[in-house]
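Please read the structure below before turning to the comments.
Just so it is clear, A, B, C and D label the chains in written order, and each chain counts residues from 1 on its own.
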Amino acid sequence: MIPLENFLILSSILFCIGFYGVLSRKNAILILISVELMLAAVGINFVAFSSFYDTERYSGHIFALFVVAIAAAEVGLALGIIIRLFRERKTINIDEANELKW
Amino acid sequence: MMNNYFLILPEISLLLTGMLILFLDAFSKELGVGRKIFPMLAIIGSLLSALLSFLLIGNNETLFDIYKVDDLTAYFRILLSLILCFLVIGSHEYNDKKITHIGEYYFLLLTATVGGIVMVAGVELITMYVGLELLSFSLYVASSSLINDKQSGEASLKYVLIGGVGSAILLFGLSMIYGSAQSTFYNDIAINFLNGDFFNLEFLLVGLIFLIAGLGFKLSAVPFHMWAPDVYQGAPTPVTAFLSTSSKAAVIGLLFRLLGGPLLGVIEYWQPLIILLSVLTMIIGNLIAIQQKNIKRMLAYSSVGQIGYLLMAFVGLSSYTLSAALFHLSGYLATNLLIFIAIIIFYTKNKENSLINDFKGLANNQPFLALIISAGLFSLAGMPLLAGFFTKFILFQAIVQNGFLWIVVIAVTMSTISLYYYLQIIKQMYLFEDNDNNCVSKWNLTPSQYIASSLLFLLVIFIGIYGTPFYSFAEQSIMVLF
Amino acid sequence: MNEIDGMLLVSLFLIPLLSAVFLMLVPSRERSFIIGFTGLSSFVMFIFSLYIFLSYDFSSTDQFQGIFAIPWVSDIGIIGLNGIQLKVGIDGIAAAMILLTGIVILAGTIVSWKITYRIKDFFILLYILVAGVFGTFAMLDLFFWFLLYETALLPMYLLIGVWGSTRKEYGAMKLMMMLVAGSILIFSAIFMIFTEAQLGSFDLELLATVDYNRNFQILVFPLIAIGCGTLGAMFPFHAWSPDGHASAPTAVSMLHAGVLMKLGAFGIIRLGFQLLPEGAAYWGPGLMFLGIVAALYGAVSALKQTDLKLMTGFSSISHMGYVFLGLGTYTVIGISGAVLQMFAHGVMTALFFLLIGAMYDQSHNRDIPNFSGLATKMPVWSIFFVIAGLASLGLPGLSGFVAELHIFIGVFQAYPIIGGLAVLTAAITATYLLRMFSTMFFGPVSSKWDKLNDMTYLERVSATILALSILFLGLWPSPWIDRIADSIQIGIPGALM
Amino acid sequence: MLSKVPLPQQFDRLIVTGGIVTSVFVILILTILLILKFVGFISYTEVFFWLISSGMIIGALASVFLKNIVHAVFSLLAPLLGIVAIYLFLGSEFLALAQLLIYGGGVVILLLFALMMTDVQDNPVVIDGSQKPVGFIIAVLIGFVLLYSIFTADIEIATPSSLSLADLGSNIFTQFLIPFLLLGILLDIALTGALLNGKKHKNLQSSDSDE
């Protein structure tokens, strides 16, 4: 049997890796990937806490399900905008997309 | 248990209006409806929602344990619906001219308003989060709705990416708080936190840091504000107005629910964070605003600064400070909306460079518009006879009463500094002649523009001179938390 | 004397406010109507203020008369029962100041009729400012006091920025930022007093009954003194004043130097002396020190100036220095002298600015060495100028003498050395004024100024009003002294006889 | 359009090299874990857990550090599919299934489509931002705080319990009905947004597009 700590440590590491990605990457798709990593970490947290502690209502499971759905929707939306931006100016680097001061 | 679905009629009316607009838009050729009908429908829907919410004042019922309909919800319902209503009345000519997908656009504004209401009404973390994302998603899409404008797409991309990061951080915080309190229901969380050692302190601390950082992203509080100026500048101006009014109001409402409810028992842990956030936000927001040449960026930084004043209310949390903050919020929203509507009216006729120079000599060409813009700016700076003075006075007094004089001194200093950059706009309008002929020399406002701007103008003056009824309603709404 | 009606006091600041609102509705091309209306309105204000001054009952033992209160915000949140009221009432000091405002606004309105550029907007802003000034003098509620105080500051920016002359944007911005920064300190002080009193009320009479902790008073009094002192051009905080005066239009200079600066000193008396007597007594010598430094500094700086308006601006700083000197003595006679000086200086400096404005409109030049022989070219102008100048240097029989005499007596009672310095200041003042007279009025008539005409009739009328006030106060000061000294004895119980 | 897409070649190399790299890592970790198992430190369950979580972390690191954008997207598969196993460990079959379908099936494919429609086939190598060191320090700091809080936390010992699909469903459709309905609208909005932005707008020339 695996204790709760292990899941939490795993999720923390994934979250930090994702956060590093967000801060260091410049390509919009790669930033999106890093955000997905962070959301995956959140999902692990929710399900772990839910399975261990909240055995009456299992809100965490439902939360994780909602997070999955919303994250997928966000990817779809963001990719749509990325494609529009690429069509407008042939780049998806948010550094080069500098019509506005970043 | 029977649930009284009548209680969510305002949201239903908003959503049904949105659906109707989408439907009519999709079949506009077959049904032969013109573009004029969409703003009409949006106005009717929001007015209906405001009216229904007004009738629902005084209820105190919780649907499914997750959706609370009480006076606080009613307050925000009325606030958000009326903001939408005024915004559509004031900006539909602008939208008609610049936005191609007009049906989707109004649908998005309506769903964003629903999202904001759900954020305040939800008394459970999942519901709250879904409301937050509903609001955010609507605004992501709405800010990209200037199809031919490169800035709009870029602003939207930045908003989506940084909004996504903010959501992820917020969610991590929520998961830690869930792990600490072992429930997502506000009532259970409050009970667990009040029970002392039943919760896990380390998780709670981490959760609070991430929660406040995540909400800081949504509020554009310093140091999480970097997206705000870009998005404000790139988005269509009505969406910018919505961003700086409704979306801020909804997050503040969420903070009322969350910090004044389940997290009230652990105030000593999050209070330092809020103080830090509030002080940084006030100082840096106002200082950066001084250098801005673009009016939308300047207003973005100014609204960052204004958020700092609102966050102060949570520093010494009591029913007084919260009611004062709610009162100040309403005054701030009316003022900010007034300025934005005036700017939208201006750019409906003139070429949109969004520079402060555009407003050169406006006092000669269009005295009414210049008057309401300067009234709005003076009100934001907290000058007397206008809403900003009275509401800020009450708010600051309440915070001093709770023993935080030093933070109020910072706030008052910053609001003086803010006067400096507001005066830059007023200077352009009154002190200079329009030598380069930036703006169309003389034109008449349409009746709807007159209605929206003068009603808000009167409201700003009324709150500034006699704000007691608004304060009483705010206090009555806040009392449901205590 | 009969009682003052409180409604009269309320209407005193409602008249300019409603006039401003009414003017907004008048089309701006109706120039003659605007002139007629503002004349009527300012005349009514003058009559009301005169009536209030005359009917003030100085034999009464009540501190405030004509009290009239409308509950405004009560019993919500932190604000207790009758927390914020629209409460008016005056003592002798306020009565004198209201009369001063009435005189200056009548004169200012008359000279402003020659403005051609957007006259309507000018009068709207001017009347909002006047409403703030009247309100601040009459208000007995701290909230409304501060609200109207800020209202008086707010229109200054546009008035100077739009209708001003040299370097108007810079002058307007500097003035606005410094004055609002000063009002922050007052704002903080009001909050601290409200919190310390624990009454849940902003009522000034009620707050004055509280016995504040001595340390608290010592802490808060400087906030009020510096905050109000900024508006009163107290020495280290005067930087806005010369620039502001130099760039302001005539009527605004008159109103600003004549009345608004007195608002600062009035604030120190109303908030500082009446609420925090121990703090005032503690900081009195400091106030006095700043006062004498300002008086000397202003006089010496005026000595160096060649621009007429800048010279008058520095001379104002010097004269306001006397006011702070008088306040700092913390004796009845000193404070009375300060209030008298406020009145005397207000009328006199308004006359100065009026005359300088009349001159500048024709010549577009304010450099003293450029002029000579004006006494033959513009006799009426010169006579008025000499009256104002002699009043300024304290010639017996004119207003300045009465006031300065009181102040000097008070100072000599307390600190003889400072009294000596004050007399030295008066000597310097005489030097620069007399030097200016000899340069400008005598000598050969320069051909450059052949086209100069004497004052117009409108200017003569308004200058006469001001000059008469100067003579009146100088020859028969007892109406003022009676009202002011009694109020000080009742209102500031700690002041030494 | 398909002729422009040189993905097959890239895929060949990708699959071969990726497979080799992955199997090297897996074999390495598996050996260590099996040794630990036979020494008696850990059980088989734990062997699986460690294997999967180390795979996830390596995949995550790869997707954050790799310069080649296609490789980075493929590396994302490891953490996303690893979560499926983690959910199974926690006794939640339905969530595992949903994760597999939505992420493994949907999101990664969507990302690849987006890659195809942008310029990465010409230039798959991306340059990262200049604030890398700062980002690294911040991330490590946050990680340190998180790990510290987890290690010092006084976690009460409990056993994970599994949740049946019927319970989950009834919960969602009764108690969480309102957010569920709102979620539908949210997906609608995302769809609107993707359509609005992704669609080509040919004949819309705005009046002030003068750049």
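Criterion: contacts are C-beta pairs under 8 Å (C-beta built on N, C-alpha and C of every residue); 3 or more make two chains touch, one makes a residue touch a chain.
Computed from a predicted structure; not experimentally measured.
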{"item": "Chain pair, A-D or A-B, that carries the greater number of C-beta contacts", "value": "A-D"}
{"item": "Chain ID, smallest distance between chain and overall C-alpha centroids", "value": "B"}
{"item": "Gap in Å, rounded to a whole number, between the CA centres of chain D and chain A", "value": "8"}
{"item": "Inter-centroid spacing, chain B versus chain A (mean Cα positions, whole Å)", "value": "26"}
{"item": "Chain C-chain D separation of Cα centroids, rounded to whole Å", "value": "72"}
{"item": "Interchain centroid distance [CA atoms averaged], chain B/chain C, Å", "value": "43"}
{"item": "Contacts with two or more other chains, residues of chain C listed in rising order", "value": "none"}
{"item": "Interface hub residues of chain B, defined as touching at least two other chains", "value": "126, 130, 133, 137, 140-141, 144, 150, 153, 156"}
{"item": "Multi-chain contact sites of chain A, meaning residues that touch two or more partners", "value": "8, 15, 18, 22, 32, 48, 50, 53, 57, 62, 66, 70, 73-74, 77, 81-82, 84"}
{"item": "Parts of chain B lying in touch with chain A, wherever the complex brings them together", "value": "124-126, 129-130, 133, 137, 140-141, 144, 150-151, 153-158, 160-161, 164-165, 167-169, 171-172, 174-176, 178-179, 182-185, 229-230, 233-234"}
{"item": "Chain A - residues contacting chain B, complex", "value": "8, 15, 18, 22, 28, 31-32, 35, 38-39, 41-42, 45-46, 48-50, 53-54, 57, 59-60, 62-63, 66-67, 70, 73-74, 77-78, 81-82, 84-85, 88-89, 94, 97, 99-102"}
{"item": "Footprint of chain D on chain A - complex, ascending", "value": "1-10, 12-27, 29-30, 32-34, 36-37, 40, 43-44, 47-48, 50-53, 55, 57-58, 61-62, 64-66, 68-77, 79-84, 86-87, 90-93, 95"}
{"item": "Sites on chain D touched by chain B in the complex", "value": "145-146, 149-150, 152-155, 174-179, 182-183, 185-186, 189-190, 192-193, 196-197, 201, 204-206, 208-209, 211"}
{"item": "Complex interface listing, chain C residues touching chain B", "value": "72-73, 76-79, 121, 143, 146-148, 150-151, 154, 157-158, 161-162, 168-169, 173, 176-177, 180-181, 184, 187-188, 191-192, 194-195"}
